[in-house]
């Protein structure tokens, strides 16, 4: 594993920990005790932020590792940095009832797509043209 | 990472993206705005498809990578292809209210079990018999 | 992938399979048919156990692999074993209405943090001091 790719991986783990902690804080503030996952909108926003960050990370990390293995590790890490910025932006935008999380979501999806394209490009060379 | 294993990994990412897009489409069709995750059965089916695909991918990918590292990479990729076919079948079967998703679920679980057995077999050799 | 790290990885997959099977059993016992995810507290406890195990595994496995790549693989595997013990304890404690899942949750979070610190320590050497 390339050091920059590992750094992006560890920062992704820290982002996931942060969204988990935000749900814990929202449970306290809004009085929503586990195992309930429904409640005031403020709680549900924090809960959806965590779920959507997990959903995105589950696509992002495998794409990152495959792209780094068959493409350029530093370029994969750069797309990874873009994904991290987009997902932090997404957390802030979704927690704000007046926020617009659309652009942050789009940027994070584009970063994953760029990793998928890079991985497939490298794989085409390795499998058919090598 | 073996090229065929990376190919299965990238196709898994594309499957996850597809199930995410299907939930977005179901939100539009059934008028279920985020952060809500409850609604008409058509929406809830699309949502459960995404959740169950994520749940299965989180078991599948680590099993795939461990099996490829300690077993035969091409055999791991073949079990991976079986998992991919089973999960596409599962999506189609679960979205159809008259569909039967049982066989697709069973096939995908068998593919993961085959990877687990392959990984444990290779690990037993590496750890105790090497 | 170090054999002990792969062993922890495969045991994590088996833990995820077990929590999935426990939800299936709870669906039968409490008569909660998919796609519903709400129901009697006994069902919701089993469902939250699976969700929380997935949430933790998604942070744990990438941290484990990054720590093993840039730290000491056997130490990463030892923290991994602590995480596995903590998450099995968590399952048992959360399923029991009188149980206290707090200490198990704390231990599993500490294990992930230890892996993150180990990975960052190794990365600092690789990136800046190597």
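By letter and in written order, the chains are A, B and C; residue numbering begins at 1 in each of them.
Going forward, contacts are C-beta pairs under 8 Å (C-beta built on N, C-alpha and C of every residue); 3 or more make two chains touch, one makes a residue touch a chain.
Per UniProt, the chains are A, B, C = MAPEG family protein.
Quick caveat, the model's predicted, so the values are computed rather than measured.
Engineer: Quick check on chain A against chain B: do more than half of the interface residue numbers occur in both copies, making it same, or fewer, making it different?
Structural biologist: Homomeric contact, different residues on each side for the most part.
Engineer: Quote the value, from 0 to 180 degrees and to the nearest 5, of the angle by which the CA atoms of chain B must be rotated to coincide with those of chain C.
Structural biologist: Result for this pair is 120 degrees.
Engineer: What's the distance between the Cα centroids of chain A and chain B, rounded to whole Å?
Structural biologist: 19
Engineer: Can you tell me which residues of chain A touch two or more of the remaining chains?
Structural biologist: Each of 38, 54, 58 in chain A touches at least two other chains.
Engineer: Within their complex, state which residues of chain B touch chain C.
Structural biologist: 41, 44-45, 47-48, 54-55, 58-59, 62-63, 65-66, 69-70, 109, 112, 116, 119-120, 123, 126-127
Engineer: Give the list of chain A residues in touch with chain C in this complex.
Structural biologist: 1, 3-4, 6-7, 9-10, 12-14, 16-17, 20, 34-38, 50, 54, 57-58, 61
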